[in-house]
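There are structures below to look over.
One chain, chain A, links the two complexes that follow: it is found with chain B in the first and with chain C in the second.
Our next item is the complex of A and B:
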């Protein structure tokens, strides 16, 4: 986390003109007095702040990571209200690159601003990490500049052409090795092994995301980089020769990914104000 | 013969002219896998794609286009090259596969490096030994090259010269490249009769080859280890390079056999110069390994047993898959 205000570049898929714009409204909420919701993704490491370039304490494998890059794609955002009703942010605008990178030429992206969210009291947020099969199968149509932006943030692959969902790199030190480079790149292996995951995280008890035309709530989400390798599947970097880019290692990381996120707190700001 | 029907017309002030083109799918072909609803074919989109296919600016040196290694008269392969040469005469490690019937495939490249045709061109463009370029640079070069602004404006409603429209145009062109007018197709459509030898070959083919080389595409699209002795110098692991799973070691996509007579050399590494050599290999050269395809194992016997006579008949049949209409179709030529 950086204390200064972070320049936020939100890149989204642009909509191609659709021949038919009608949609089934059943079960959807009326968009009365809509407001803005900001999701802030604050990278942490095992309860501490994640500082790019600084060593963290050793994880469950005895590997102490120094992270140089944690970039990921957040997609398909859904807000769930107290009655369990779901508001899905328009899919074509729902792909975002979150980035903290040691490359100073890349602006950090930590905030996702959702516009025109129907008024309501929301108690959970659901989202995907990566690019779902439906979007992948659309190829480049509607991608606009998203492919290029993803390329800029090293979130595309050419040898297995597609998006990287997570690009998590740095060095680690253990009993057997010092300052060893590691690469964890998560992406689609095949139609059967997509490694795309979704997570649903609740707001803390007795809190809520209150949305209406007068409010601009900010949802503070902590992403625990440590959990990517340890949440439920304990993944040793050394065991995978420092590079996890597919296969069993990637599948294990994908199992951990949904568990890396939690909502720390919500600021129910008045529109026009920002708490930080 | 495949015809593209023009079914309507719509324009805007920026030169965009939407002349929809309907893809006519041969009746004996499987379903189209490419999602045409997301990238509707238009006359100008296809034409832009054709121009881009033969555009050298996609490479870092400005000299290597898609058409350099994908030559029409060899069913868009690099005839005579075991491996294809890219920029600065660097050589790859795999044999150039044909560009044909792309609208019907599930995966692309020998190892299925991508499951979407739109993303496929990214691979050769960015590979060091092929075009060694970045997509961003390609787009910059096209923006500065005369003519392209107009062509993109005519082909796409938003008119942007960007990676989305670049790749969509290439896909539109490749989707139209259907080979379905070989003697075999005419036989299926009751227009010609096969010779006795060719018919024998067809019967043998159906019995011994068609479980993998299935459907009118002559491939089931799966990844299999066909028992080639790995070339230790290259140690190409094939599909597992993409998936990372050891059970995918040495598996490669089952290639289509359409136009096979003109696409020598054969196999992912182009090791066999003739179809005779390929059939000899299946008869007596298959090497066992952990991932060898089960269909190539019956008890102790590996491979596909054939007599010399049978091999002659099978090759006679394979020759009926050559589609001269496709190999000379002006719509796919550099012009």
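Our next item is the complex of A and C:
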């Protein structure tokens, strides 16, 4: 009995060793039975749904925001599996504009669809907010259609100034002011101050993103607009004269940005059976 | 008396509550017949797993009956993940046939066959209906203690039944129903073979009665890789029967019942915002004429935390007609 038990342990280890050998040494995964993954960005405000044009409850600064636009660039998406292995979505296809805008001519973008993702059980998602220096340094020709698309959503300045990573606008009311317009445009300030940030968000405990050829999981990410101004650096709009487009204010907002995202839940749907 | 029994057999009736009048094996007993109920009205919060479990797998009695019951359950649930996401109304309706037959002196077999017709309306005013056969439940009980069939018995009488059975996946389960709203129970069935264990206890004294029940359903993974959370039901009732004439009696009853749900699992992973518990207050009145019983029960939540507060039960109402055989 005991020797059988030992034997089974030895066999298990051998199998484990064989399995380890078959995976790539460079840490990349074999792309077998790839599937589709959808990241859905649900914009919220302090636990509530963000409704464009509706007043939200006052934030930590006593400023009650009515948001007319929340557009941001999501980039360089990486899925991390239960063993910590990372799958980086092809960089050339990994720039997306998420948009909720009072301008009805602009379609809202809330979904990012990743195709051909290697089969696996993923437990975290890493992505950038904005456009990284490497991409920016490719110049306008390297930007391709994305520059034009970003322009449509008012996510660009001049090329020299580059992209707006976040375009967050509306009005706010506080003790001292009523329905005051505000602008928060986050972007690259200089070669040294890029304001590009990345965030890694975990799926809720005991959940996972199951990817294979038969599945089309949807990952529901909540973006808390309230956190952009309050997550760790409490940024008063009034203190920056209602416009944060660079400088210290932008750096503070950039500090908050990675904390604004969290995965609410994952729908592990069968392929061809999408939800909402 | 024998004729009455035969007539009862010929009529199709139903009941949520089994009513026991002492079996009239001796005509002397009829005059002192004591109504003997177990009110165990537990519907599942789950529209789908509406096996009527709390409605009395066992009534704690020796009565055999056939009947039909209509159950209406009204819920509201969040259509979305935010605190201010809109509520949608969900109505679960069930028409149920059930019956019980003795097997030998010490065993009983219960059968419950539900037909569901559920509907809900989304925030955008679109609506969804599902209807069809639900999950059929078959249960067997062993009578550990049985009420004495004798006029000679004086004082409180006890009955105790222990049993178990199976809820079969005869109702369809469709994963697509689980998207949109957070209420994963908008289904006709769990789609799985589920196993039930149950204990019923009854106590009567003069015209007063009390019943208690507890049961637990072990749910398994269905063919769509979804597994509903295990479920505990319990309840206690007190009642008093007023005999208005030799043939006619009224029995009001008051009780509480509760349900506890474990989290659901999908592909082996727990499903957010599932599970929870609810406690109901329950009020019933039953009118019985000879072997027929017509009753109405209403259940209102006293305390609840279902699906992380994202599902709320508003009320349950059932209406039933039984023939005791």
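Following the convention adopted for this analysis, the second predicted complex is superposed on the first by the 248 of 276 C-alpha atoms of A that agree within 3 Å, B and C clash if a C-alpha of one lies under 4 Å from a C-alpha of the other, contacts with A are read in each partner's own complex, and residues count from 1 in each chain.
By our rule, a contact is a pair of C-beta atoms (placed from the backbone, for glycine too) under 8 Å apart; a residue touches a chain by one contact, two chains touch by 3 or more.
Remember, predicted model here, so these are calculated numbers, not experimental data.
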{"item": "Joint occupancy of chain A by chain B and chain C, clash or fit", "value": "fit"}
{"item": "Which of chain B and chain C A:69 touches, first, second, both or neither", "value": "neither"}
{"item": "Greater chain A contact set [chain C / chain B]", "value": "B"}
{"item": "Partner chain(s) touched by A:142 [first = chain B, second = chain C, both, neither]", "value": "first"}
{"item": "Nearest Cα pair across chain B and chain C, whole Å", "value": "36"}
{"item": "Chain B residues touching chain A - in the complex, by the definition given at the top", "value": "35, 38-39, 106, 112-120, 122-123, 125-127, 134-136, 139, 157, 162-164, 167-168, 171, 240-246"}
{"item": "Chain C to chain A touching residues, read off their complex", "value": "80-85, 175-176, 179-180, 266-267, 269-270, 272-273"}
{"item": "Residues of chain A that touch chain C when the two form their complex", "value": "42, 44, 47-49, 204, 206-208, 210, 220, 222, 264-270, 273-276"}
{"item": "Residue ranges of chain A touching chain B (in the complex, touch as defined)", "value": "16-17, 136-145, 147-148, 151, 156, 158-162, 188-191, 193, 245-250"}
